[in-house]
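One structure is given below, represented as structure tokens, and several questions about it will come after.
Naming follows writing order (A, B, C, D and E), and every chain is counted from residue 1.
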Amino acid sequence: MIGLNHFLTLSTILFCIGIFGVLTRRNAIGILMSIELMFNAVNINFVAFSRFVTPTALVGQIFAIFIITIAAAEATVGLAIVLLIYRNFKGINVDNINIMKW
Amino acid sequence: MLTGVSEAVYYILAAIIIGSGVMVVSMKNIFHSALFLVLCFFGVAGIYILLSAEFIAAVQVLIYVGAITILMIFAIMLTARLYSAQIKQSNEQVVPGLIIVSALLVITIFALSKTTWKLSSQAPETQTVAEIGKLLMTTYVLPFEIVSVVLLSALIGAIVIARRD
Amino acid sequence: MLSFAWIIPLLPLLAFITIVFFTRRNQKLSSLISIGAICLSWIFSVIVIASVLKNPVPSEFEFTWLNLMGFQVKMGILIDSLTAIMLFVVCTVSSLVHIYSVGYMQGDPRFSRFFSFLSLFSFSMLGLVLANNFVEIFVFWELVGLTSYLLIGFWFEKKTASDAGKKAFITTRTGDLGFIVGILILTTAAGTFNFREMFHAVETGQIPFGILTLGAIFLFAGAVGKSAQFPLHVWLPDAMEGPTPVSALIHAATMVAAGVYLVARTMTIYLAAPNAALVVASIGCITAFMAASIGLVQNDIKRVLAYSTISQLGYMIMVLGLGGYTAGTFHLYTHAFFKALLFLGAGSVIHATQTNDIWEMGGLYPKMKITAITFIIASLSIAGIFPLSGFWSKDEILTVASHYPNPIFLIVGILVAGMTAFYMFRLCFVTFFGKPRDQHKFEHAHESPKVMTVPLMILAFLSVFAGWVGIPWLQHGYGSFVFHQEPHHAEPNYILMIVSTLVALSGIYLAYAMYYKKSISPEKLKAKFPFPYKVLYNKYYFDELYQIIIINPIMKLSGFLFNRVDVGVVDRLVNGAGNFTVFLSDVKEWFDSHIVDGAVNGIASLARGTGSGLRRIQTGQLQNYAFVIFFGLVLIILFKLS
Amino acid sequence: MNFPILSLMTFIPLLGMVVILFTKEGQDKLVRYLAAFFTFIPLVLSFILLSRYQGSTSQIQFVEKFDWIPSLGITYFMGADGLSVPMLFLTALLGFLSVIYSFGDIKEKVKQYFAFLLLLEVGMMGVFSALDFFLFYIFWEIVLVPMYFLIGIWGHGRKEYSAIKFFLYTLFGSLFMLIGILALYFNVEPHTLNIMVLIEKTPLLTRSFQLLTFAAFFVAFAVKVPIFPFHTWLPDAHVDAPTAVSVILAGILLKMGTYGFLRISYPMFPQGAMYFAIPIAILALINIVYGALVCMAQKDLKKMIAYSSVSHMGYCMLGIAAVTVTGISGCVFQMVSHGLITGALFLLVGVLYERAHTREIGAFGGLWIKLPVYSGLMILFCLGSLGLPGMSGFISEFMVFIGSYPAFKVIVPLAVIGVVITAAYFLRMIQAMFLGTFNTKWEGLSEISAREIFTVVPLAILMIGIGVFPSPLANMIKATVENIVHLAVR
Amino acid sequence: MNYQLLLPETFLFLWAILIFVVDFFRKEKKYNLAYLALLGLIITIILVVISQKGDLFGGMFHGDSFATFFNLIFLITGFLTILSSVEYTKKLSSYPGEYFGLILLSMVGMMFLASAGELLTLYVSLELTTIPLFVLAAYRKDDFKSSEAGLKYLILGGMSSALLLFGISLIFGLTGTTFLKEIKTVLIVKYLATGEIGPALILSFIFMIAGLGFKLALVPFHMWVPDVYEGAPTPITAFLSVASKAAGIAAFLRIFFRAFLIFQVDWVLLIAVLASLAMIIGNIIALLQTNIKRMLAYSSIAQIGYIMIGVVSASATGVSSVAFYTFVYMFANMGAFITAITFSNSTGSDEIKDYAGLSRRSPALAAMMAVFMLSLVGIPPLAGFMGKYYLFSSAIEQGYIWLVVVAILTSVISLYYYLGVVRQMYFQNSIDENPQAITVSPALRTALIISVIGVLLFGIFPHIFLNLANQAAMVFLY
């Protein structure tokens, strides 16, 4: 019996993995990837709710589409900035990107 | 409720997703991470199918696997010196990060499992593609338009930023 | 009909204003204005006394000065026999001193200023005498104190003079503390400031006995300060730093009598509060004896006179405390003349010899006869030799003392009379007779000009005859004029008269023996009784005592309050918490940089301390930020879901 | 609506400030005359105010009232009664005199200086005439800003420190007042910020609420007065401020605190007044005695006078705490009198400092010989300050004592000690500076100038005038004070 | 359907496209496109003012007074930002046209955000607001700090979007709808049925607060603020600190007041705690800053704490006070940033200590800066005071005296650093012997004058905008 909670659990786990990635990856692209994992987790939520709570309305699915789209947009900009960082800092290791502090 | 084969599929997919997700965040080589990310996205797409959201699954594959991941791989190639990837890929926050994340995980799962959801027993919509298309052009036309502007601005922005002067 | 009396104080005030603002540059004119004003006042005072003699019913005139709900102050004048006598005394002595000063102050660069101050003093003193309520009397009381301060410190270039002025002001103000509190207590209880209304309240028993006693004692503190009674007598001898006419006017004849006047004026209260009256009498008694004993050994001519003044004032206070209203005021009246004369005479001597030390004088009699004779007349008067003024008033006092059950007052009275006679004649013999001790000064000495000697002669006349109005055999003498409740008929007490005269004569003889004939050597006595001599010579060490027990602690306290409490503690309270973190790391630096600085620094360093800790979070490391966010998130969730 | 005299008095200086700001740089002389002109008009108006004020009633007069921010219940409500009229006059007078004094004193950034000085006057005038809480608060706070700049830019010594300290302390206090105001606003029905209406309604509120609000207002006013232990800003600010600003600070700003107590705290919170009577009286006693003792320890003349303010304002508080007509009248008298006397003292200190560049008491000696007029004036005001009869200080202190004695039978006699200590430190100062042998180091000192004399003579006249004829002032405040007492003992 | 309601947004979007197009054909002096953008903004402001009221798409889009009010804030901020960017863009090596266009696009997003009555629209608008800002933050490509700012902003922004989305997904799961008013109905029904609201709802509140808290820079989600503010081009920082924040506030109010007001016990206290933390932390750390942008960054963290006081009140007055405070905060904060821009255009420095002696070099500039600083402290009669007064009054009305006390104590602290700038300008002398005057270009001068007039005028005559703010708040009262 796979119910809603199974999917929610899965998504939560994925979400937390994403968070862990954000917290620990040193590579900027790695962090971006982790963020994508978080978006995916959210999407699982939406789709699962859509399936179990509002099977006839497709709101959840539509939401997921939008999230995917925007994730793509964000990834684009993100990667552009990463490239910029790479040019300036000669590396994309976020540990070293800390001119500004305190 | 899913039973039988679906149940088994669910577990397999979940294992793939979680396993590859963990790989994504822990691989030493960022390039390998990217590959596992692809795997993970596929797994998620499988979940969508399991949830009878085939259209979303397709979108997932197209956009995520087809666009985003490829983009990332390009970016990795452009930025990282691939095979000098012996340098540590994770910072000192692993242990505290683990603690925080597991705390969050436990609480969230606990909270969600304690919640009674208002489940519906209706059969899921089957004509999803057409229905979604219709909705996007009617009820959700406004966000749809806005998102196009988002894409436009992301496009322009990315060009402005990424281009060498 | 007597309402014109307000002009009496006003004239000197006008003189003061005129001199200060207009005629300051013209010395002669200034002095003329000043003298003219006081002389006019004198004429008015004579008119007042004449009309009061004719119609002794007290009259009062007043106008509302300040009016608030439940608080009404009227200013006005009260004229009764006491006022009339006082007006006459003050005007007389004051006029003479004014005239005398023209000679004495000749050549002083601040001549005009001196006269302006004298006028201001006359104004204040006359106002004090005329006051019909507590507020008014206090106002003039303080003004009198001010002029005293200004005149004592007239030669302010001398540190001793300015010190003395300050000391006088502060010491008398200490007494005024009591005065104010006394006024507060009494007026709050009686609901009025007016003398007669309050006396009425006292007589009808509206004021509870305890409050009345307390109020009376506090009120008396004012008199103690002003009349230089024990223990606030220390300022008067020092006040001799002022020009001698000032000493004569203020510190002998008039101002210091204000305390006595106050007690006399409020006699009703003391009669209703016998405990307070006993305090008054005791203080007076102590003072009289103490000052007289100090006077025995002093070498400065004016200081001797100063202690004599204190002693005589003690006499008056004592007798007032014993209920001798007539006796006290009578002595006040006679004392004014002979004490003024003594001072002016001393001034004349000082003027001639340019020194105050009696041991630098000697044999002056031939050179300044008028001064010497008048001085000796005054000495006889103060010593109480028949039939001079002093005799009659002293006799009154001793009579009153003899009625008191406890003989201590009488004994002290007689003892003091003897001591007075001794030190006065010690002064006379050393100054005017014998061989000149300082040849240079002796040769330089000369009789003073007319403008100085004429007042001396007038005063000598008064010293002899002024007291005759109180001769016991007189049917309508002083006692039937100035009295409290009932006319006082002095009964001649022959035993007392004889005893006191004998005591006085023996005092004179002792002085004669010691300082003229030199049959008894003062040096030997000194050597024989070194301790009493030293104590007396150092005035019972009062100044030193005050320095140690009052002044030093106060100065220390104020320094402490400022340096420790104000800068230290108060600011530090605010500082404290803030610096705790920094404190742990670097105690010394904390002390240096923060204790002295104020609360602002306190808040700032609290903030800074916390801030520099907090901003460590802002490492610049992106993922630390993310960590903080999630850490906060988890905390919030735990907080909300628990 | 009649002639808006209060608004004019308040805002003409503002107009002056704007005009001055638009003058060209460097025209110092013009700026000075403009400033004098724009402070002179309020002075003239204040005379009209004095002459037209009806002292027989406690009614608010010269009322100007119209809606300002109706959605928040805020009105523009100006008015004056017997409490504000003397303070307005004092403000106009000291404002004008300090401008005149500053003619010679200020040589740098003249334009800004006078602009700030005028702004300061706006705030003070407003505080004394505003009867809407919001308006009152605005004016109350406006004062801080120019003061901060005036101390910080044109001051001496640790001026920055003093400026910020002043600002922080007083802002801290006044923000509590803001809470109090809002709390009041929401706790009366219908909601209102009209002080006069609030006075009628607040006593109906619960006791604990009254006490709390009283405490909140207390902090605000206590910092201004200043009451121990909130006083440590005062010596710093006074000492480091330029002369004219010290004058205003001591002469008027401190009065804002006591004014607040009389206008707001006591009429509004009878319960608070009753409950806190003894503590306030004790604090007042501490102010008096402690302030005076601290004065004794001072070596700097200006600091001594600054601390003397602490002591003298203690009398005000003592008078207030007793809640009797006499006590409060004494307080008002003391407010006026202290304004005149301390203002003049600061002016005179400034005169000397400008010439000698030191204020150390011990550095002088025998100045009376060299500078008779200056010394005479200084001694006159010192005597006034130590409460000599014939001058205003005596009356106020005496009234305070008389008025508060029935309420505090132990505290008042102790407070009287302050009188002696005051005499002691003033005489000590006089002796050290003016008496004794002349210190030839100061041979070159020049006598006080005519302009400087002009600034203190009106103060001297008023000081003696009130001292000799207190009735006009008493009649002016009488009805109002009776009303305050009537309200405060409800 | 009355599509006219969309007119301002559509117009602004088209205008942005117009700018891109013109930019394409223009070869030099592209920074003059700023004036084109300004023209567009003025027209949009007019359109907003005259716009009709009504709902579209079944409550997905509200053209109501609340939206109008916030739209005005965005537009005026944008106007000032662009005015102050004219000089700045001259120094940019490339793409000034896109710079203005992106600002306009971001504003389109904000305007939709303020009108959104549905979560999907809201989310999408939020992204439209943010994504151009990521780019703009990194716009000075040769400047390391700018790139760093862009990266930090992007990563943390993306992460917080994910948090917000997670929260939204839970709400969706609980109610099955994304329309705020339906969410409210469903939740009430559910609550009435079961008597409890369940942990998932609270979890979603928290996730949404976290997600929006990022935009608002609410502690502890404020970490990005100092670094991004410091690194981003200063006009963008100004824009971020006002417009973006105002957008966040609008979104927050929409969601929480429209849908969750009846569950206020479950989130108000949390907001109150976060608000006080923001006030304390923001003000205290600001004390130590030496860079004006960084100082203003921390100050803006503190300011959001003040704004949240109005949210905590959870009443119409509260909303009104939030709106009004945001409005007046805009003038003061923009003014402060514009002064900083002016100063750094001339001197190239953002260090507070370099402001020494500014009152001599440029008295007018220094005076205006002082006014802005004092307004931020909340000294009457400046607008900042009026705003704070209103905020405090809303809180006290609801009995949150402790919160006001915190606000007051921290205000006193804030005085210290705000006046720190004033102190430099007025009490210190410049290090240079003869520093030249600061040149103020006409555009900057206009921007400064607008700000200073705003600060002065709305302190003394706030009535009109108070009424507008009240009307805006009425939206939540049905």
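By definition in this document, a contact is a pair of C-beta atoms (placed from the backbone, for glycine too) under 8 Å apart; a residue touches a chain by one contact, two chains touch by 3 or more.
All values reported here derive from a predicted model rather than from experimental measurement.
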**OP:** Would you pick out the chains that touch chain C and also touch chain D?
**Re:** E
Subject >> Winner on C-beta contact pairs when A-B is weighed against A-E >> reply: A-B
Subject >> From chain C, the most remote chain by mean C-alpha position >> reply: B
Original post:
Measuring centre to centre with C-alpha atoms, which chain is farthest from chain D?
Top reply: B
Subject >> Centre-most chain, if every chain is reduced to its averaged C-alpha atoms >> reply: D
Original post:
Cα centroid separation between chain B and chain C, in whole Å?
Top reply: 101
Original post:
Just how far, in Å, is the C-alpha centre of chain E from the one of chain C?
Top reply: 76
Original post:
How many angstrom lie between the CA centroids of chain A and chain D, rounded to a whole number?
Top reply: 65
**OP:** Just give me the whole-number Å value for how far the CA centre of chain D lies from that of chain E.
**Re:** 42
Original post:
Using the touch rule from the top of the page, what residues of chain A touch 2 or more other chains?
Top reply: 4, 8, 15, 18-19, 22-25, 31-32, 48-49, 53-54, 57, 62, 66, 70, 73-74, 77, 80-82, 84, 87, 94-95, 97-102
**OP:** Could you check chain D for residues that touch two or more other chains and list them?
**Re:** 164, 168
Original post:
If you look at chain C, which of its residues touch at least two other chains?
Top reply: 600, 603, 615, 618, 620-624, 626-627, 630-631, 633, 637, 641
Subject >> All pairs of touching chains, each written as two labels joined by a dash >> reply: A-B, A-C, A-E, B-C, B-E, C-D, C-E, D-E
**OP:** Sort out for me which residues of chain C touch chain B in the complex.
**Re:** 621, 623-624, 627, 630-631, 633-634, 637-638, 641
**OP:** Going by the contact rule at the top, pick out the chain B residues touching chain E in the complex.
**Re:** 108, 110-112, 114-118, 120, 139-143, 146-147, 149-150, 152-154, 156-158, 160-161, 165
Subject >> Contact footprint of chain C on chain B as seen in their complex >> reply: 91, 93, 96-97, 100-101, 103-104, 107-108, 111
Original post:
Any idea which chain C residues touch chain A in the complex?
Top reply: 615-616, 618-623, 626-627, 630
Original post:
In their shared complex, at which residues does chain C touch chain E?
Top reply: 600, 603-604, 607-608, 610-612, 614-615, 617-618, 620, 622, 624-626, 628-629, 631-633, 636-637, 639-641
